[in-house]
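The next part holds the structures, each set out as structure tokens.
In the two complexes below, chain A is the common chain; its partner is chain B in one and chain C in the other.
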Partner chain A sequence: MKGSIFSTIFLSVLFSRAKASPLAVLLIISLLPLLFELIFPGHGICERLRPILIFAILGLGLNIVTGNCGLLNLGVAGFMAIGAYTFGILTVPIFPFQINAWLGLLASLIAGAAAGFVLGLPTLRLRGDYLAVVTLGFGEIIQDVIRNLDTITKGSQGLNPLPALSILGVELNNSHPSLSYFSLLIIIFIIVLLLRNLNKSPVGRAWSAVRDDELAAGNMGVPVMRTKLYAFTSGAALSSLAGALWASALGSTGEPGNFDFQLSVTALCIVIVGGLGNLAGVLLGAAVIVGFNSVFLVELSQFLNSAGLSGTQNVLATPANWKFLVLGLVLILMMRLAPRGLIPALKGSSSK
Partner chain B sequence: MLKVKNLSLRFGGLTAVSDVSFCVEEGETFAVIGPNGAGKTSLFNAISGVYRPTAGEVLIAGSKSRLPFTMSTVLTVFVSALLTGCAAVLILNLTALWDAVIINKFIYDAAFDWVDCFWGSVAYFSAQNTSFMALPFLSGSIVGGLAALKIFSSTRVGPEVCCSFGLTRTFQNVRLFKDLSALDNVLIGLQNGRGLNFFSSLFHLPSLRKQEAANYKKALELLALVGLGLDAERLATQLPYGSQRKLEIARALACNPKVLLLDEPAAGMNTTEKLALVAIIKRIGALVTVILIEHDMQVVMGIANRILVLDYGSQIALGTPAEICVNQAVINAYLGTSSEVASV
Partner chain C sequence: MSDLEVLTQQLIIGLSNGMIIALIALGYTMVFGIVELINFAHGDLFMLGCFLALSIVGGVTGALGEAILPGSAVSILSIALMFIVVPFFCGALNWCVDRYAYRALRNAPKLAPLVSALGVSFVFINLGLFWGGLPFKVFGYGNAAAAPKDFPNLLPSQNLLANTPIFITWREVLVFLITIPLLVALNYLIKKTRLGCAMRATAQNKDAARLMGINIESVIGTTFIIGGALAGVASVVYALTYNTVFFQMGFRVGVDAFTAAVLGGIGNLPGACLGGLVVGLLRALSDQYIATQWTNSVVFAVLILILIFKPSGLLGARVREKV
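And now, the complex of A and B:
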């Protein structure tokens, strides 16, 4: 415990020495629940905030494809499912593979990248709406394929029990919530560092160029097809990683129906509300959208229920059911008031 | 350096360019003039790979601007056909294979034997009826091979290919990358000399850092060449219109072209800016072959070695500025006599 307090303080100092960008601020704020959990354990704060972190990774993956490269992807849930089920198949005790959970994460990264490559290759020449429809179809197909291959994926039951990631024998799931939360934060930190590298590199510039004007980019020698493939592959790999982390923390893949279009739309909302193309924006979007929907509304329902103010029979009076009403309202408001997102993408020289 | 032979470009019933032929020598500054709608920008589009010509051909530095059909292309098609065929067979047999190899061989608490799994799959497939597997394999490989061929044929020609053969251009309506700074716009042109490598970008490998530092210096030089040295960090859209046009030229130059197409570079500029532009084009003309479309005859007469005149898609004259000035057909179609001009 002393170790975690020390490392928290260390990281805070590290971030404050960096420029006070929204990213640094957000990462420091994300350490607060950890402190809360350490000081007041037992309230399950870290457990309940974990979906925010998983969706942040999913949003970062979608951000590469839609935010940076301008390719509208409506099937992110499919990649998340691929990641979750790859992890599941390779680690569940009912199949003989039973590899190390960390290797399972790596395998889901690779499987996601392969799936992104396979989806990206035939769809590269499609523009805008057509690409959106194809990716939407892909998401639906993956869901059904997983459900129907029930000798391999156990169909609607899902694969369980799945091992949690463990460091030196300490399991990173609900048995050690603060460590699990912290390890997810570390993973997000590493991903954000790598994505910042990409944004300030030739590949990141090529992505922006293809998003702004594909034709002009081609005339200036940008390899458009390869650039789009890079975006698709890395976005899919990150989304699969999110899926695998989700399955590992939960101990189960859950049923394939969980990875449906609504999940893709939630991810898209995170990216749009937060700010297309902006890393800090995506993190903030995840905190706002998932924080509100999966954390605040659920807590509110439970509170109202326990206070006797509403029962689960009354659908409208149960705030947990307002999820998609809220999502829709937020999207409409955002498009009207702040179309570039809460933190618009910082435009400027990438060579700084 | 650039040879255009009997080039025609038709959009359905509309003929934009009809049977245009000309040759541009190395180091020359060549101008294309004509009334609006004469097909000048369409000609540029056909040459730079934006549209495929309906007829005729374009030779850049002596070679046709298309990727050649090499042995590696054949190999790629063959390999994708093979892979798709195998994938088709695998998908069809997936659940049965899984049962045979994984489930039935599963001994609880024993480590998984990958080698045994491999030989098990081999045994499974050799036990199958060959004709049973032949159909999915053949159809899969046909689909895969055809898809690879289709991808090859559609990426064979196009703007990127023309750029790799040494031809870049600017656009009539400025097409800068809006969300990038002026420096980044130029860096886009510079970075494509070497292929984009994902992993060196991901980890900022030392080789990338060296390359980026060199490109950074070169980009600043190019911006200074067109007179935008102080505006390097500004966003492309924040620049005034004249500077945007100059930035486009710098970006095109960054690709290190042999032939540079300038589409109405002086449009929307006042006299002072036009004079500066003429100086820039003269400086560039010493380094690369320049072909430009222009309406301002003073600019054209000042810098062009030879002029091509288009009207309604076909060429009506080709020659030095002195010859063009007195060519009757050109005067009737475009230039007008001095008395016509005076009466306006």
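And now, the complex of A and C:
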């Protein structure tokens, strides 16, 4: 509690006074759990912070679509599911494919991009709000398809066991948590570098133009449909990658019910809370929101359990039951106080 | 039952479900038409209305000391009581949400009110969870807060078309009895009254309406109240018809209603009604002739197909187009 207030003050001072690049600061801070794990192994901190990294990748993918290009995508969970299940089907021992895990990642990237292309081609010319419903529907359809075609996807059980990514024989999952965490960080670092360059390239500038004013961009010679399609496809590919990484690290795709609308909403909140179009913002948003949901609340519940304070009699006494309320209030307050996101607010600037 | 009878039964079921969805879709489409906001919290407002209806019935049952007999005078009185209190509550709650969460964001970037609506939706879901955990008899004295609650049976369930294989009970009749006059009244309000004229003007062009002397905030607030009241009516009808209340039911119903609103053309009131009926019929027919597990996908697939070929929805959207 006190730590988070202190760090918020610290970060805001750092960003506004020292003019430090938020991106660099965040990436350095993200190395801290690694140090912690190396010094105090066995607390499982890298393992517990892994959802933050996966959601960061998911958020980066959504950021391309919604943040940079302004297309509201409510079905990110569907792309994540496609990635996870593509990886699963191609690597699980039940089916004859059983390819290398790294190739599986590549395959899920391609599958996600293909799905994004197929979905985007007929629907990207719709108005923004209609596109939102279409993507929402897509997410639901994918969830139903996965659940119902259980000869291929094993329905509610999910596909397991799945191989973990391995470098030189070292497995990158819970058997080597700090290496797994570090490898995810490297992947995020590479993605952020790529995206940063992409944003400064003509494609990235076309995205910003389409976001700001589609009509004007079209009049200026920006090929609007192609631009939107690029954004949508890349975003879908990244989201699929996140899904595949998740499945690989977990060793299973998990049940299809995990890839629901709530997942898409969490990803959207990450992008918006951090700052639309802002790479550092997405990372910070992932840390804040997923950190709260998956890390803080779980820790609090465990702490209360071990202190003997919990009880299932009173619905108000279980911390997990307050999850929605707190997240909702945070979102409402954030939109009143910092509608452009946390990073622009902390920087104290009003520029886009 | 012959095939024709099965089809007729499904049509009846589909139409009556569709009317409930239409009532909620109207709330979505009215709010969208006037402030261009997808009010994600609307489905969960509906859920809270159902919980209030459950509490009212629980209160009456507690005062009586025994279960209410379907079809008795007490049941009719409690139904009437619910139809008065719940829409009032939902309308007022919706107004409060607009006043305190959305009003400050009228000029904010477009996604800000959307996120705020998501936040309100989460707050409502949690309120539903807590509400279901209250230490009252009707909620099991606080146990199993997250479990679905049974709503007592207040309507007689005998078939009104006795001795025929087709089932029409008081539930379907109630749906039609309540919804059709409401829609007629709403149509009159929008087309023939000054308030309706002000709402249409504000939806068309806020600044011009302001210049004409219309109090924009008051009109927007009233729109939220009316939308909320419609959701309240829908929640009472739903509770009476389906006899179950669950704190996460708002999502499914909300998604269906939003799909219906978009299908008919967002911002378009007759479109929302048509969309609701279409979605209701699709769900009933899909449940019967395809499979229940595919119904959600069927509805969305039809929506996507219709939007690809008619991008502004079935009856055309009524929102400002940028020039």
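The rule is simple: the second predicted complex is superposed on the first by the 320 of 352 C-alpha atoms of A that agree within 3 Å, B and C clash if a C-alpha of one lies under 4 Å from a C-alpha of the other, contacts with A are read in each partner's own complex, and residues count from 1 in each chain.
Going forward, contacts are C-beta pairs under 8 Å (C-beta built on N, C-alpha and C of every residue); 3 or more make two chains touch, one makes a residue touch a chain.
The model shown is predicted, which means the values in this text are computed figures rather than measured ones.
Colleague: With chain A superposed, do chain B and chain C clash or fit?
Modeller: Once both complexes are aligned on chain A, chain B and chain C fit side by side.
Colleague: Considering only the touch criterion stated at the top, classify A:A244 as touching first (chain B), second (chain C), both, or neither.
Modeller: The answer is neither, since A:A244 touches no partner chain.
Colleague: For A:A236 in the superposed arrangement: first (chain B), second (chain C), both or neither?
Modeller: Neither partner.
Colleague: Quick check on the superposed pair: does A:V265 touch chain B, chain C, both, or neither? Answer first, second, both or neither.
Modeller: second
Colleague: Once chain A of both complexes is superposed, is A:I82 in touch with chain B (first), chain C (second), both, or neither?
Modeller: neither
Colleague: With the two complexes superposed on chain A, say which partner A:R125 touches: chain B (first), chain C (second), both, or neither.
Modeller: both
Colleague: Examine A:S208 and indicate which partner it touches, taking first as chain B and second as chain C; both and neither are also allowed.
Modeller: After superposition on chain A, A:S208 lies in contact with chain B alone.
Colleague: Can A:G218 be said to touch chain B (first), chain C (second), both, or neither?
Modeller: In the superposed model, A:G218 contacts chain B only, not chain C.
Colleague: Looking at A:L327 after the superposition, I want to know if it touches chain B, chain C, both of them or none. Which is it: first, second, both, neither?
Modeller: Second partner only, chain C.
Colleague: Between chain B and chain C, what is the shortest CA distance in the superposition, whole Å?
Modeller: 8
Colleague: If I apply the document's touch criterion, which positions on chain A are contacted by chain B in one structure and by chain C in the other?
Modeller: 122, 125, 215
Colleague: In the complex of these two chains, what residues of chain C are touching chain A?
Modeller: Listed in rising order, the residues are 32, 36, 38, 101, 104-105, 108-116, 118-127, 129-130, 132-133, 142-143, 145, 251, 255, 258-259, 262, 266, 293-294, 296-297, 299-301, 303-304, 307-308, 311-313, 317, 322.
Colleague: With touch defined as at the start, can you tell me which chain A residues reach chain B in the complex?
Modeller: So the residues of chain A in touch with chain B come to 95-98, 121-122, 125, 149, 151-152, 194, 197-198, 201-206, 208-209, 211-213, 215-227, 230, 234, 277, 345, 347-351.
Colleague: Taking the touch rule as given, give the residues of chain A at its contact with chain C in the complex, in rising order.
Modeller: 66, 72, 122-123, 125-130, 132-134, 136-138, 140-141, 144-145, 147-148, 215, 261, 265, 268-269, 272-273, 276, 313-316, 321-325, 327-332, 334-336, 339-340
Colleague: Could you pull out which chain B residues touch chain A in their complex?
Modeller: Chain B reaches chain A through residues 48-50, 94-95, 98-99, 102-103, 105-107, 110, 112, 147, 151, 154-155, 158-160, 162-164, 168-169, 171, 175-181, 183-184, 187-189, 191-192, 195-196, 198, 201-204, 208, 212, 216, 232-233, 235, 251-252, 254-255.
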